[in-house]
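Worksheet for the structure shown next.
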Amino acid sequence: MKGYNFAYLDEQTKRMIRRALLKAVAIPGHQVPFGSREMPLPYGWGTGGIQVTASVLGADDVLKVIDQGADDTTNAVSIRRFFARTAGVRTTTVTGDATLIQTRHRIPEARLREDQIIVYQVPQPEPLYRLEASRAETRRMHALADYGVMHVKLYEDIARLGQVAISYDYPVMVNGRYLTAPSPIPAFDNPKLHMMPALQLFGAGREKRIYAIPPYTQVRSLDFEDHPFRAGRAPHACTLCGADDSYLDEVVVDNRGGRIFVCSDTDYCARRRADGHVGAQGLPKAAE
Amino acid sequence: MTTDSTLLSARGLSLFFSEIPALVDVDIDLWPGEMLAVVGESGSGKTTLLNVLSGRMMPDAGTVWYRDPSDRLHDVQAMPAPDLRRLHRSEWGFVHQDPRANLRMGVTAGGNVGERLMASGARHYGQIRAAALGWLQQVEIDADRIDDLPRTFSGGMLQRLQIARTLVTNPRLVFMDEPTGGLDVSVQARLLDLIRSLVSRFRIAAVLVTHDIAVARLLAHRIAVMQRGRVVETGLTDQVLDDPQHPYTQLLVSSVLQA
Amino acid sequence: MLRTEALAKGFTLHLRGGLHIPVLAGIELDVRRGECVALAGPSGAGKTTLMRSLYGNYRADGGRILVRHRGTMLDLAAADPRTVLAVRHETLGYVSQFLRVVPRVPALDLVAEIAIARGTPPDRARADADSLLSRLNIPARLHGLPPATFSGGEQQRVNLARGFIGGQPILLLDEPTASLDDENRAVVVDMIRQAKASGTAIVTIMHDAATRDSVADRLFRLTSLQEAA
């Protein structure tokens, strides 16, 4: 595209971001500050993820972009088109065909491979954000691995509600050292972070932080011995494809409160239906 | 330097805030299981001394040594920050005059008491809760307040909660800064009695800063009297208070109102 | 058991321009096992000063205070604070004239804690404290109350119980019967005789000559240095 560098960002910026990414990969889970650039969309719309993607994207890459698991929402479509125009790369909705996946708030159901990179859009990179107001203090806590207060939050939940009440952005310990915010993915997705063959990169544009989980890294969701972490999901099967092991979206379909549950991962659902799986209502096509 | 198995020793501590002498050539010794009261009026340097001894402030001169359970001496100023922090979380405790400075007001009583355990690696909810319940009992807070927020506690209860939170890791050394300051007299009495019995039962060594001589007499084995940054007299509590040698000590003792 | 050599004690009142008041000079006191020595002399002669010096409550200006502690003679005047505390704990008991009141602690616990600190199991200690208080005619209903509201005589008897329950081999008794009626005074005399019989060395101050003579084996006379000066 004329007037713009490959993938929009200039080469110096990409180099700066790649340096930050290397640091992040070298220290799994540790937040690395970076010079977040002005992007053609406001903060809160994925500028961090886009900058990371732009820095690692190559001409031969195949890009997939999802938003809450779907390839066809407005944001996913816009970002995919953005890179198609500024980098001219091939794009896809098929998880297995992608080499680079940018995601907002979900991990694809299909297990990722060693030759893939997944880039997460992160609104708030600091897992201690709500517990400790001082940034200087949270930096000290990370430096000294002083994470007692996070367990206090879990304790409080159990004391008040009988169980941990964190349903997304559930804090994890990466490589046994750093407390990390995995971005607002549902707790259901947390087990996928552990020993993932793909490289996981995290970009927060507004907060100007980058972090990473290298392939095959230990990632443990925080819990107590007598209240172990449970990956919750709605106890239903997908209405469209019948899957009982995927994360579900709840969709209201009429004015009487009728609802159906469908796979949040649109590609996963489509694959299953293409393979002949049919859900409870036997719908031949997805009801949007 | 012979410390003769002291738990904490300081030599030659000096600290100036610009021209103002906060500490001048102060020596301190503390043995295991003993309580040392540091008394003096405002500006005597007693709180500064507490902060320097606990590593929260750096002196301009002098050294503080701490002997750990395996009998190794550590220079408190030279300790790496993570080690000092770990020390504060486990073997040491600090009771502030204002309990709110040391409590999380938005966290339940149980969470406050259990935090130091969780920070030291405790990962069993049931055991943490049981320990918290036990300590609430020790400080005479009703067990059914365990899930209440400290916002709902009175001043005396907050101070007792702070003490429970501090003692839950069974520290060997506790620094106390005017722990009964600002409390009503009857509440003070209860708190002093509690401190007295906990310190003796758990063999805790403590440095207690107070301006109230009666508190020092009740709780401390030894007393150090400070005036303008210097320790002017130190010795057995009842001896220093009943037979004061230094002019300032005599002034201090004679100024106390008898109830 | 207890011996002083050239013990001297004075007070320097810095608030009165450094006025120095000598009270004791050249005191040579010697107390044996099972012996009760009564300090005698006019008011102001230094009886209480001497007693407090023996306990380490007052700091001696000169001389030595030798105490048989753990088998050896130890100079209390030169001892560091922790040693003094150890001596008080094991060897040297003291009944002062006034009970220093600890808030909230019941009389029974005040007495029992002395025994518990000496190693007696808590149940036995509380039973001993109970019987000692009863022997001193403190009724059972008062045992569970803090002594702050007790009468002078009752407080003194709690003090006495604290002094005697420790079982230290040396006892210092400052006016032990001053606030007591005849019956209780007799109880205390009895307790002193019992202690003597079991080998306790006792130094006492009693202004009542009759009671004093019924327990003391000899008198140690002090003269006022002020009059002499």
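Letters A, B and C mark the chains as written, and numbering starts fresh at 1 in each.
Going forward, a contact is a pair of C-beta atoms (placed from the backbone, for glycine too) under 8 Å apart; a residue touches a chain by one contact, two chains touch by 3 or more.
For clarity, every value in this text was computed on a predicted model and none was experimentally measured.
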When you take the mean of every protein CA atom shown, which chain's own CA mean is nearest to it?
-> B
Quick one: point me to the chain whose Cα centre is farthest from that of subunit A.
-> C
Subunit A and subunit C: spacing of chain centres that average the CA atoms, whole Å | 78
Centre-of-Cα separation between subunit B and subunit A, whole angstrom | 47
CA centroids of subunit B and subunit C: separation to the nearest Å works out as 32
So in the complex, which bits of subunit B are touching subunit A?
-> 81-82, 85, 89, 104, 107-108, 110-111, 114-116, 118-120, 123-126, 128-129, 146-147
For the subunit A and subunit B complex, residues of the former touching the latter = 143-149, 151-152, 155-156, 158-160, 224-227
Please give the residue numbers of subunit C that touch subunit B in the complex, ascending.
-> 11-15, 52, 56-59, 81-82, 84-85, 100, 102-105
Subunit C-facing residues of subunit B, complex | 31, 34, 189-190, 192-193, 196, 217-218, 221-222, 235-236, 238-239, 242-243, 245-247, 250-251, 254
